[in-house]
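Okay, got some structures for you below.
Same chain, two partners: subunit A is paired with subunit B first, then with subunit C.
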Partner chain A sequence: MERLFIILVLFLAVFAGHASEIEVCKTCEISSIQKAIDFAEDGDLIRIKSGIYKENGIQILNKSLKIIGENYPVIDAEMQGTALSISANNFSIEGLKIINVGKSHTEEFAGILVSQSRNFKILNNKLDNVFFGILLEKSNEGVISGNHITSNARSQSNSGNGIHLWNTNKVEIRNNKIVGLRDGIYLEFVNNSEISGNFCKDNLRYGLHFMFSDEDIYTDNIFENNGAGVAVMYSKFIEMRGNHFRKNWGSASYGLLLKEITDSKLENNIFEENTIAISADNTNRIEYLKNDFKNNGYAVRIRGACYDNFFKENNFLYNSFDIGYTGRLNNNEFTENYWSAYTGYDLDKNGIGDVPYRPVKLFSYLVNRTPEAIILLRSLFIDLLDFSEKVSPVFTPANLMDSQPLMKKVSW
Partner chain B sequence: MKNYIFLFVSLLLVACSTEPEPIVYGSDACDFCEMTIVDKEFAAQSVSDKGKQFKYDAIECMLNDHLQKDTKMAVKLVANFHDPGKMLEVDHAKFVQNDSINSPMGGHLAAFSTKNPQAKKAGIYTWQELQLKFKE
Partner chain C sequence: MLKILKYSFKDLSRSRWSYVYFFFYLLLGIVLLFLNNDLSNAVITLMNVIIILVPLIGTIFGVMYFYNSREFTELLLAQPVKRSSIFLGQYLGVAISLSASLILGLGIPFVAYGIFQSAAIWDFFSLLVSGGFLTFIFTALAFNIALSQENKIKGFGMAILLWLFLAVIYDGLFLLSLVYFQDYPLDKFSLVASMLNPIDLSRILILLKLDISALLGYTGAVFKDFFGTSLGSITSFGVLILWVIFPVWRIVKLSGKKDF
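Let's look at the complex of A and B:
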């Protein structure tokens, strides 16, 4: 009786739970990934054993599959178009290595292309020598995590983006490492998404790039030695927290470029050794709270038409210029920041300097008009000029000042 | 002495040259939107009468910038979509606007040489038509 029961259970397990597992390897019955996909049914798991699979244009259409690579099987697209394209709901891709994706200037070839999909996971893949890495179009509710994408955009000066999202909502991009592409992560028309813990280095243009994307959050990312760190353009309601922008050096280089962005918040970010830490153009209602600006050329350069920005409890440490300004003062408020260049005193010992600090130097005003004047940066004459301007401001906006400069660094 | 005069005069001439400088991709920044110029198929550039160089990462940036500025431009060039890296005079170019073209600033614009047979197809503009379109 007991034996009969066991047999019955086994019987049920095989037929009722019809999700089966398909194995792909060079010596298996199924030796190509495309064949396994064609053979698979909804809900199946495809396990790809290690080996080199010279395949491109692999397609998954309307099948919910789980694809797992064991010991990083290599999909070599041999410079011919897209490696893997998917249009399906509820799928996951894990542990693949995709190399040699074709390059083109009219088409967007990618390592993994996801279009018109919902509820997906792309985890722990390695992509090398790709044009676009992971490209999402019109897809919602997904996770892209732990992927490692590398390419050679700098030497080729022609490349796609590492993770490229277009017309996509509710995606989490976590803990990816992206080195040597055009933009590390590119978002166009992407809302309600979260980007955290990524590391973007040596990318040709930006580490992270927002275009027309609203209500997104990016936290705890590191952006190093990219053409520029992050560009947030034509977007609103963006939250930026705990990011590290460093070593973005060069004439067109910024830690963070803000252009036409409103109602956003920057908190606990560290800007270190950038030519311009933040360049802001047409930015309104932005709160800068508790950020560190360390050893930058400019800490914040504000170009025309920036209204109602608010700076509080930031540390401005050893920057050549703390604030650069072109145009008029438009209601921007600085209060309770720490300025390493502050030379005032605190007689009543309340931790707040008794004389206001003016962060805009006359010289930065000159340099804005004539960039070549920068060679005079450390000259005595310029120091005298700055001093006389400090005593009686003529050129720099008189009411642009921090009336409550802190005597001690803000610790956060 | 004569040599110095020659040097001075030639410097003057160089200073006023309206010869367009080649764009350094991956390093030059757009004069309108500040983005680094990387796409060889969408770039544009112009040189003013007085020899000031303007470079753009996209044709739509050049259009918008010229609308804002009153500067007279002696040279206006756009990238040839079919031959990335080569520049075309705007008067020798036809412009296509189509959602499938992913130009950097969302203008969906690309330029083709008028000699290209495809340029005869529908949905195309001349530079003048395009300027009117962007003014709206």
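Let's look at the complex of A and C:
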């Protein structure tokens, strides 16, 4: 009987704890966020009214709290280190505006720093003038959604990433907008995560940067005018669907940089107006299905050691070079793609051209060796050269061809 | 001079060939636009046509016109008219009528298609400007050849050779030297070499509006810094204008000395 009573009391205590709500405002009893957190019990809700809170180094340690900002209360870190750091399970942070996070060469100051946590939500916050935006380390099972991160990164060495994940699993990053940082989203040792619907623009280095991250999916993101759109390095089992890479324009600029990637899949992506849409280096067993390459300098540039890649039903539209290739060996397969530069015919009207298409031009081989030769692009002499190479390949791999080029654009 | 220009122009506008030329461009423009439905692709195809065909037609037509109107020229020379105004008038007559065929022939289908509402208007404009320049340059070169060569067959041969050299062989030599000297810094050399040939120069001017600007950055800063800036485009147009002025000056000089 006595034990039952104790359990009942405990239950009540827990329930009472759940119900309690703490308000923070400038004229309230509790006027500082840190104080509210110190005061709160496990499972409490902290409601922050609008106003400016000049605080930094706010810490949540092992408390499952729910923090909600009303009308975007401003946390101004006054260029002094991290604004909010959390190490707890089952928490959520919603509707805050965090500004002025300090820069450092030795420490990674962030707007919101999450470490060794589990099951968290970071929703609809605004971050401006930050060093790192949202930084996660050794944390699992979270959602980062609807955040708007802006900054004014000028040099790579002196700026941080928008959303930075390190050693983290099962995180969803959805519908964030990231403008003007170093990397928009950076993932290192991040597995089984999903990145969708984000918009990364004007970032110094990459829109999205993968390192050593396996089995991730990224879909329906837009990468515009970044140093390079997306870099996927040293990863495997990545799925990329419905992304839009555009205007990554410049001397060392890519839409998508693939380096040491295996067993991945690219489907329904659109590459538009990039200097190099895809640069593939040391990539194996990748399927490229139903992508659109439109008005790029190079559509796909294949560097060394790329084997068993498979290109099917892609549209190559008005690129200066469809495929750039080094070496004479080819072990990649191109079939049933649409090439706008294809000049063959289809006598039996089955929708597949009767003459194979060779996407590698002799001129792209020449430009590889002597970059200055690009100035002769589209001149009559070069067209003659390309034609003779097409008739009898000498410098380009003879078996690199699409033996079933489509006559009509693939619509998907 | 204006009177002779007017006569030449009227004479040419009665000629079958101007109409053939005009209808060729009209047809080309219509086919490209209304069967293709992609404006930027149409502009690229047109560029290929313009940088190859316009110089060829300019040289051939110029030489042909000069030889055919020889009797009329001799008649004029018997009159108290300045020599320079006779030949300049004839030259301008040919060049203006050819450019008019080009601009009207391509302009009408593009205007009908709605170029003014399109973002490609500047691409198209640079296309027409380079086409006009090429016409003026190559007609002047043709007149130079015809003036210095009495023999018709030799004159035609030289005109075609000139076209072949500037349109094809020059680029071949250029590429060869690039590949041969690839261990040396070549950006300045290729910049100068491409400025010296009017066909290359107008090709680059059009391409800058299209796809090359992406790829130029790729080769190094020199191209991009040069062609991408207003200094670059001013210099390019300056060189094109020089390419017109120099042969025209030579027409005046040759015609003053020539014995008829």
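What we mean here is this: the second predicted complex is superposed on the first by the 387 of 412 C-alpha atoms of A that agree within 3 Å, B and C clash if a C-alpha of one lies under 4 Å from a C-alpha of the other, contacts with A are read in each partner's own complex, and residues count from 1 in each chain.
Following the convention adopted for this analysis, a contact is a pair of C-beta atoms (placed from the backbone, for glycine too) under 8 Å apart; a residue touches a chain by one contact, two chains touch by 3 or more.
Since this is a predicted model, take the numbers as computed values, not measurements.
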Fit-or-clash call for subunit B and subunit C when the two complexes are aligned on subunit A: fit
Partner chain(s) touched by A:N296 [first = subunit B, second = subunit C, both, neither]: second
Subunit B versus subunit C as contact partner of A:A373, first or second or both or neither: second
Angle at subunit A between subunit B and subunit C, C-alpha centres, nearest 10 degrees: 80
Subunit B versus subunit C as contact partner of A:I382, first or second or both or neither: second
Which superposed partner A:R182 touches (first subunit B, second subunit C, both, neither): first
Which of subunit B and subunit C A:G250 touches, first, second, both or neither: both
Subunit B versus subunit C as contact partner of A:Y318, first or second or both or neither: second
Minimal inter-chain CA distance - subunit C and subunit B, angstrom: 7
Intersection of subunit A interface sets (partners subunit B, subunit C): 250-251
Interface residues, subunit B side, partner subunit A - complex: 25-29, 33-36, 38, 40-41, 81, 84, 102, 106
Residue ranges of subunit A in contact with subunit B within the complex: 105-106, 108, 154, 157-158, 182, 188, 204-206, 211-212, 227-228, 231, 233, 250-252, 254, 257, 259, 279, 281
Residues of subunit A defined as touching subunit C within the complex: 249-251, 253, 273-275, 295-297, 318-320, 340, 366, 369-384
Residue numbers on subunit C that touch subunit A, as the complex places them: 38, 40-41, 44, 47-48, 51-52, 167-169, 171-172, 174-175, 178-179, 182, 186-187, 189-191, 194, 199-200, 203-204, 207, 211-212, 214-221, 223-224
